[in-house]
C-alpha cells in the first residue's frame, strides 16, 4: 500500500534509482509490515531551474 | 474546488486523457456536488525508469 | 498502477467517497486499460481554514 | 522547513520563477517565522495536454 | 490555474495562513500573469512526529 | 535536497516512523550522494475510509 515519492534534483542514474527502489522497498516492508507487490516508489526529478532553496534557483547557484 | 491528480506511467494518448478528464469531471460534480469550472484534473505522467513496484523499476520488467 | 489523488474540502460522507472510488476505478480501467487491483484512489480532505481561493480562506467566505 | 510547491501550466520563464522564488521565500519567512535556508520552492510545470479544467484539456481550449 | 501547496509543520494560526494566502495570491498573479479567482492555496500541516530532517523526527528534537 | 514522502494507511507507531526515517535517510545519502541535513522525510497517514484499492474503500474491506 505505501506509495513512496522521492522528489529530487534531476540527474541521477537509473542504477542509483534501481538501488534505492530495491533497498527502500525492503526497508519499508520490514518496518511497516507490508508486502512488496503493494509498494510503489515514484521518482519525481526536478530540473535545477525549478527548485529554489533560500530564495535562489539551484540553476543560479554555482 | 476538487483537484484530481492522476499519477500514471507515461505513454497514454491525448484522446485517453480527454475522455478521462471529461468523464471524471461529470462523475465528481454529480458525486461531490461541485461545479465543473472549479474542478481541475492534472495528469502526472511518470517515465518507466522512475516508477518501481515490488522493488523493481518498471523499465526493468519485461 | 495509476494513483488517483482527490484533494477537496473536508466534509464529504463515506458514501460519496465509496461511490466515487468505485466509479472512477471503472472509468480509469476502461480508459487507461489497467487492472482494478493495481489502482489506488486516495482522498485528501482539506479543512476550510487550509484552502484559499482568490486570496481568501474558504473559512472566511460566507 | 516549509516546502512550497507551485503546480502551474508550463511556459513561464526562468526570470518569472526567479522572482517568485525570491519573493515567496521572504513572505513565508516573515509570515511563518522560519529561516530561508530551510525553505524549498518547487515548480511543477504541467503541459497543456495534461491539465483539464471544467472537463476540457487546456490544449483543446482556444 | 496555479495551485500553490504549502507543506509545513502544524501549529500556525489562521491569521498567519490568511496573511500568506492573500499576499502569495497577489505575488503569483503579478509574477505569473494569472487571475486570482483561478488560484488555489492549499496548506498541508504536518504533525511533528510525521516530519523528519537529517533522519530525526521533529518531535524527537528538543 | 530530496524530499521523501511516504503516503500510507494511518496506524503506524512513532517507533516505526523513527526507524524508517533514520534508515531511509542513510540509504538516500549513500545512494544519491546528498547530505542528511538537507533531506526531509514526510509521512502522510491516510485514514482507511480515504484510501480505496480496486474500487473499494479500505474501511469496507474485512
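Going in written order, the chains are labelled A, B, C, D, E and F, and every chain counts its residues from 1.
Convention: a residue touches a chain if its C-beta (ideal position, glycine included) is under 8 Å from a C-beta of that chain, and two chains touch if they have at least 3 such contacts.
In this text, all values refer to a predicted model and were calculated from it rather than measured experimentally.
Visitor: Using the touch definition up top, find the fewest steps from subunit A to subunit F.
Guide: Contact-graph shortest path, subunit A to subunit F, evaluates to 1.
Visitor: Using direct touches as single steps, what is the fewest number of steps from subunit C over to subunit F?
Guide: Shortest path length, in steps: 1.
Visitor: Out of curiosity, which chains are bumping into both subunit C and subunit D?
Guide: For subunit C paired with subunit D, the chains in contact with each are A, B, E, F, in label order.
Visitor: List the centre-to-centre spacing of subunit D and subunit E in whole Å, with centres computed as mean CA coordinates.
Guide: Computed from C-alpha means, the inter-chain centre distance equals 12 Å.
Visitor: Taking each chain's centre as the mean of its CA atoms, how far is subunit E from subunit F in angstrom?
Guide: 20
Visitor: Mind checking the centre-to-centre distance between subunit D and subunit F? Centres are C-alpha means, answer in whole Å.
Guide: Distance between chain centres: 24 Å.
Visitor: If a residue has to touch 2 or more other chains to count, which residues of subunit A qualify?
Guide: Subunit A, residues with two or more chain partners: 1, 3, 7, 40, 42, 51, 53.
Visitor: In graph terms, with chains as vertices and touches as edges, which category applies: line, ring, star, complete, or other?
Guide: other
Visitor: Let me make sure I understand the interfaces: which chain pairs count as touching?
Guide: A-B, A-C, A-D, A-F, B-C, B-D, B-E, C-E, C-F, D-E, D-F, E-F
Visitor: State the interface residues of subunit D toward subunit B in the complex, per the touch definition above.
Guide: Going through subunit D, the ones touching subunit B are 7, 46, 49-57, 59-60.
Visitor: State the interface residues of subunit B toward subunit C in the complex, per the touch definition above.
Guide: For this pair, the touching residues of subunit B are 1-9, 12, 16, 19-20, 23-24, 27-28, 31-32, 34, 51, 53.
Visitor: Which of the residues in subunit F come into contact with subunit D in the complex?
Guide: 1, 3, 40, 42
Visitor: Can you name the residues of subunit F that touch subunit E in the complex?
Guide: Result: residues 14, 17-18, 21-22, 25-26, 36-37, 39-45 of subunit F touch subunit E.
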